[in-house]
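Sharing a structure with you now.
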Amino acid sequence: MSVSVPSGPMRYEADERGYFGETWGGRFMPEALVAALDELTEAWREAMADDAFVADFERVLRDYAGTPSRLYHAERLSELVGARVLLKREDLNHTGAHKIRNVLGQALLTRRMGKTRVIAETGAGQHGVASATAAAWFDLDCTVYMGAVDTRRQALNVARMQLLGAKVVPVESGSATLKDAINEALRDWVASVDHTAYLFGTAAGPHPFPSMVRDFCRGIGDEARAQCLEQYGVLPDAVAACVGGGSNAIGLFTAFLEDEGVEIHGFEPGGDGVETGRHAATIHAGEAGVLHGARTYVLQDEDGQTVESHSISAGLDYPGVGPQHSWLSAAGRATYTPVTDAQAMEAMALLSRTEGIIPAIESAHAVAGALDVAKRLGQERGPDATVLINLSGRGDKDMGTAIEWFGLGDAEEGPEADLEQVEADAATGPDTEAQQ
Amino acid sequence: MSVSVPSGPMRYEADERGYFGETWGGRFMPEALVAALDELTEAWREAMADDAFVADFERVLRDYAGTPSRLYHAERLSELVGARVLLKREDLNHTGAHKIRNVLGQALLTRRMGKTRVIAETGAGQHGVASATAAAWFDLDCTVYMGAVDTRRQALNVARMQLLGAKVVPVESGSATLKDAINEALRDWVASVDHTAYLFGTAAGPHPFPSMVRDFCRGIGDEARAQCLEQYGVLPDAVAACVGGGSNAIGLFTAFLEDEGVEIHGFEPGGDGVETGRHAATIHAGEAGVLHGARTYVLQDEDGQTVESHSISAGLDYPGVGPQHSWLSAAGRATYTPVTDAQAMEAMALLSRTEGIIPAIESAHAVAGALDVAKRLGQERGPDATVLINLSGRGDKDMGTAIEWFGLGDAEEGPEADLEQVEADAATGPDTEAQQ
Amino acid sequence: MTSTSTAFATAREEGRAALVGYLPAGYPTVEGSIRALRTMVEAGCDAIEIGLPYSDPVMDGPTIQAAAQAALDGGVRTADVLRVVEAVAETGVPTLVMTYWNPIERYGVQRWAADLAAAGGAGMITPDITPDHGGEWIAAADEHDLDKVFLVAPSSTDERVAMTARESRGFVYAAAVMGVTGARESSSDLAGPLVARVRAGGDVPVAVGIGVSTGDQAAEVAAYADGVIVGSAFVRCLLDHEGDEAAGLDALRALTTDLAEGVRRARS
Amino acid sequence: MTSTSTAFATAREEGRAALVGYLPAGYPTVEGSIRALRTMVEAGCDAIEIGLPYSDPVMDGPTIQAAAQAALDGGVRTADVLRVVEAVAETGVPTLVMTYWNPIERYGVQRWAADLAAAGGAGMITPDITPDHGGEWIAAADEHDLDKVFLVAPSSTDERVAMTARESRGFVYAAAVMGVTGARESSSDLAGPLVARVRAGGDVPVAVGIGVSTGDQAAEVAAYADGVIVGSAFVRCLLDHEGDEAAGLDALRALTTDLAEGVRRARS
């Protein structure tokens, strides 16, 4: 779009004003929040340059959240697909997902800024639980906005947040789901900005959130890259992550952006299939627009009204996406491919049965897509071809969905779905790639 | 009971026939299983002496289960009680509890013995999920026996096991709970013993299970002891764990048995209070007897019929206890104290709110009891007094119980219980100790 | 079209503040919103803001959200908004569109500016665009001679207030409280100083909004501001009489009259 | 009391196997179980095993579990078992108690042995005690001249079979299949070799149990064993006629007759 986009290491970074590739991102926000966003930008920049802050962050990640997460060689899965499959075990982090990295970073920054209260939005509750956790640890007041539809569907996560000391506010407006919770959190923030920090849950939203959240999550990729080199002496041939708002994906990808030989794959929620219109494959099927403060791909109608997204995975069910992903896609550095609900659920069962790891359905999207990449690379380059997948979270939270999908949970009856078939199917050729 | 109990390092070990202190433990089992138990004893002894096995076990624990688990300084909690509180973060292990250590050890041994199928009993489902996980990883057939009452109460864990590829068999006999699941698993084993290993879920049962399960869990204490010395330069003044069957407790205690200055505390499920009869405080309130193959403390009536136990925590709700604990109690090396449901739930809320860690209710028993020990030791020895608690598992599985207990989960209403009060209460003097 | 500043100039000449009234287009229907807005013009509004209903209105409180959502549910489209603009602008009163950014970007900024100008619109109020991220809009507005009404807030730095005053045309929208739209009991202490800071930054008129619902409040604000913006209170008139258009219009008329008196009695 | 071995000796003299029948005490009631056991004696059982109902019967299949649980629910106590022993032993048939260990430990092993002997019991079958962990019981039994019936299984090593044969008195209980109690279609291939192994270990009689429910099966087993033990099939007679004692006793009588014929036709 412009010739002045930098090349080299800065090519994929945002400029001073928060634009990636001059177009994506930015800060489309009420003036009332600009001072707070400026203050946050300033504080984040200073903090990242302050060795003491970085050391504090690393310490809390290590001692409390349990990082570095393991890089795990999934041997049975590798055998099935004919290439080396490595899983970055973010599911073993405290609270069970990569999200703890982001909230601990933001909460540490909140303390540094002298604020005493945090707010957060949440969809199914993962970011809300993570935020409540960080708030408990740092002794901050915490209010979580959650769509009223979601508070009723996810009473367990509501309870978790309450037990952790957070106040959960059900949001009745709009579609009463995640995007409305974001709107409501922003409304709170407009009124409370002097003492309140907004812990945004993904690498989207207005500048500096996309860059700041990425910085707090980039340990995923930095660790994985070093672990892969150390454990296997090579860089991976491809890295893969699921993309909702995009925090885990950008946290993984960042370390590999300059490694030109490494394929970068983001897998978007394809829902019932992109062709049905019931999906959340924002980059693949959305159009450029502005949502929640950033220019990015958005699922929208002809008039620019946001369209409801659909995914079996609550954490990916968002009609926008972090602007850096839009840029990485537009710039051709990363490939974003939809994975349907059915493909993700099959991958969930496959990983469970072959490796004893029940992934979050979000992460199962990455597994499903990455296994096809692995099959292709294995065919092209042999069994040492290496695909590194970010296992962004564990699936405990998703058992309700799995019960419905597979007909599980009744010991008298046994599962309805033929789970035996899953392994057999997995051994056959690429399919998600072929479908695109 | 006998003068020939060895002193010194072997004092707390079982003899050749599986007796601790000549009386506790043993093997009260059908002859049909004796060959299998002998074979298992032999295989376990050989394996523990085989560097390759030990290295394999350590590797799978590290790469897959995520050990060594962190030793975490709970600073806010420490401040509240006036002593240093350290938490051994077994909750961050794969599948969320210490139990993965035991099943990985037993599954590895199963493979070494050339068997292709495992069976397991489970109460609420924790050991069943762990067993199904290990079976998936080692590609073993897996059948889990679970009381029919429990399969209905814990459909989520039934689903987990099924997703992992295990068959879950509901047991209708007796009280249709854990002890009956054990009976049924033993019945299966009698008929299938040539190709099947019984992955027993705790450090109880006939010889060699109490010693073998301890060996597979003792990494908890070995790691914690080394971590405490390395991180703080001292041994703890006291160590604490909850005691159901006793695997996590013996796994912690073993490393400290010879450290005479270290107090060893087991906390038993006190249910509604020992005086009500509705509890599972086996050592504190049971009588010596034989249950599931071992002589140990048992909750039983005048005729030696097992009495139903009660605890808010399914994982502690067992009328027997590992025989080594009976011996440690009888020998005066460890102290076993009941913690009521109410005390445990209060500790659950306290840890959640102060540290952002939702513990398993099992583990919350240890926290509740240990905090009182910490208060006493803090008063006696000052704030450097160190209490090391095994946080045996995470509380995700217990949110249903927490919702009922505290009236959580409704975002419109907010929690019923006054959780604010919890922190204030915690700062006051010892109470569980005083109540004994 | 004329810049809204003419309405402020007229009011200033009359020694009073201007009354700026807001309703979303398409509530209860497109035609109904036209009748409502014309009623407000007739009863004394000096300028009109027409809201473009949007799915994700982060600056709106529950009242405006409810009406805008109903308009969307009723099928209102961007083009309908232009129709409402045209119908209101015909009255001669300066007529602005208040809109979040994405529908405009989607419509095409250039095309929008042209069509808005052609419909007789005076310009646009952009709650989620600040001048430093509004380059494309500023260019298009300048080309089509449209007002660019940006917001300032109590939290804005002096530097940003000055920048906003400089980049605005028509007037500057001063958000009187830290918070979203919605009627409030008392107007804020923060508004006066904020208006003063805008004035220090240039001579564009300053209107104060967010929270005014009575003539007395309007009078209070009019004492220090060039204009008083009222939104949620007007919307409430319609919401409270849903299904009874005549009653709704009566309520609108009564409120406008009260507010118009308010802006007039301020300086006396 | 006499050792059960006398019953085996008598049978051997008659050129046949002994029939050993099992029922739990207290099902359907204490008195009912006495009447049932006496019926079995009258109809041809050579020895009787009386089950002591226990909460955690790991060796029992569903049939025996159901009856024993009903007995427990009905309030049967350890002392009641002695009463049943006494009533059955009065008939002159050797009468053993079959019990899991904990109730005995709880009763007091010495006291139990004394009371069992006093009640006329011949001894005890201990499914969860093997001789190597049964020291206390062995001592008490020896003191009170009681039979100690231990079990062997197809999985037992030769060494253990020999040890068990050596330590047993009365007879050795050979579990014919790897599995718990319960009627089965066909008796197992494992039983014959197992019996042979016991015989190699000593001259104590060997009875085979687990799975026999018909005269034909009994005949099959009687071809190679000194005794045929039947449990679940008897229990089933009672369970199938719950609430109709006469019918239950008729069924017991018919089954006993059939089995007694079976053990007699074996060697012909």
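Note that the chains take the letters A, B, C and D in the order they are written out, and that residue 1 is the start of every chain.
Here is the rule we go by: a contact is a pair of C-beta atoms (placed from the backbone, for glycine too) under 8 Å apart; a residue touches a chain by one contact, two chains touch by 3 or more.
Just so you know, these numbers come straight off a predicted model, no measurement behind them.
Chemist: Using the contact definition stated above, find the chains touching both chain A and chain D.
Modeler: Touching chain A as well as chain D, we find B.
Chemist: Taking mean CA positions as centres, which chain lies farthest from chain B?
Modeler: Measuring from the centre of chain B, the most distant chain centre belongs to C.
Chemist: Taking each chain's centre as its mean C-alpha position, how far apart are chain B and chain D in Å?
Modeler: Those two chain centres are 38 Å apart.
Chemist: Averaged over CA atoms, how far is the centre of chain A from the centre of chain B? Could you give it in whole Å?
Modeler: Computed from C-alpha means, the inter-chain centre distance equals 35 Å.
Chemist: Measure off the straight-line distance from the CA centroid of chain B to the CA centroid of chain C, and report it in whole Å.
Modeler: 66
Chemist: Counting only residues that touch at least 2 other chains, which ones in chain B make the list?
Modeler: Where chain B is concerned, no single residue meets two or more other chains.
Chemist: Classify the chain contact graph as line, ring, star, complete or other.
Modeler: line
Chemist: Spell out all pairs of chains that touch, sorted by label.
Modeler: Inter-chain contacts occur between A-B, A-C, B-D.
Chemist: For the complex, which residues does chain A have touching chain C?
Modeler: Touching chain C from chain A are residues 17, 26-36, 38, 173-174, 179-180, 182-183, 186-187, 190-194, 287-293, 295, 298, 300, 302-306.
Chemist: Which residues of chain D touch chain B once you look at their complex with the stated criterion?
Modeler: Per the touch definition, chain D meets chain B at residues 54-59, 61-62, 65, 69, 72, 77-78, 101-107, 127-130, 132-133, 150-157, 160, 164, 175, 177-180.
Chemist: Where on chain B does chain A make contact in their complex?
Modeler: My answer: residues 62-64, 66, 70, 72-73, 76, 89, 92-94, 96, 132-137, 139, 146, 148, 151, 155-156, 158-160, 162-165, 167-170, 348-349, 352-358, 396-397, 399-400, 402-403, 406, 408-412, 414-415, 419.
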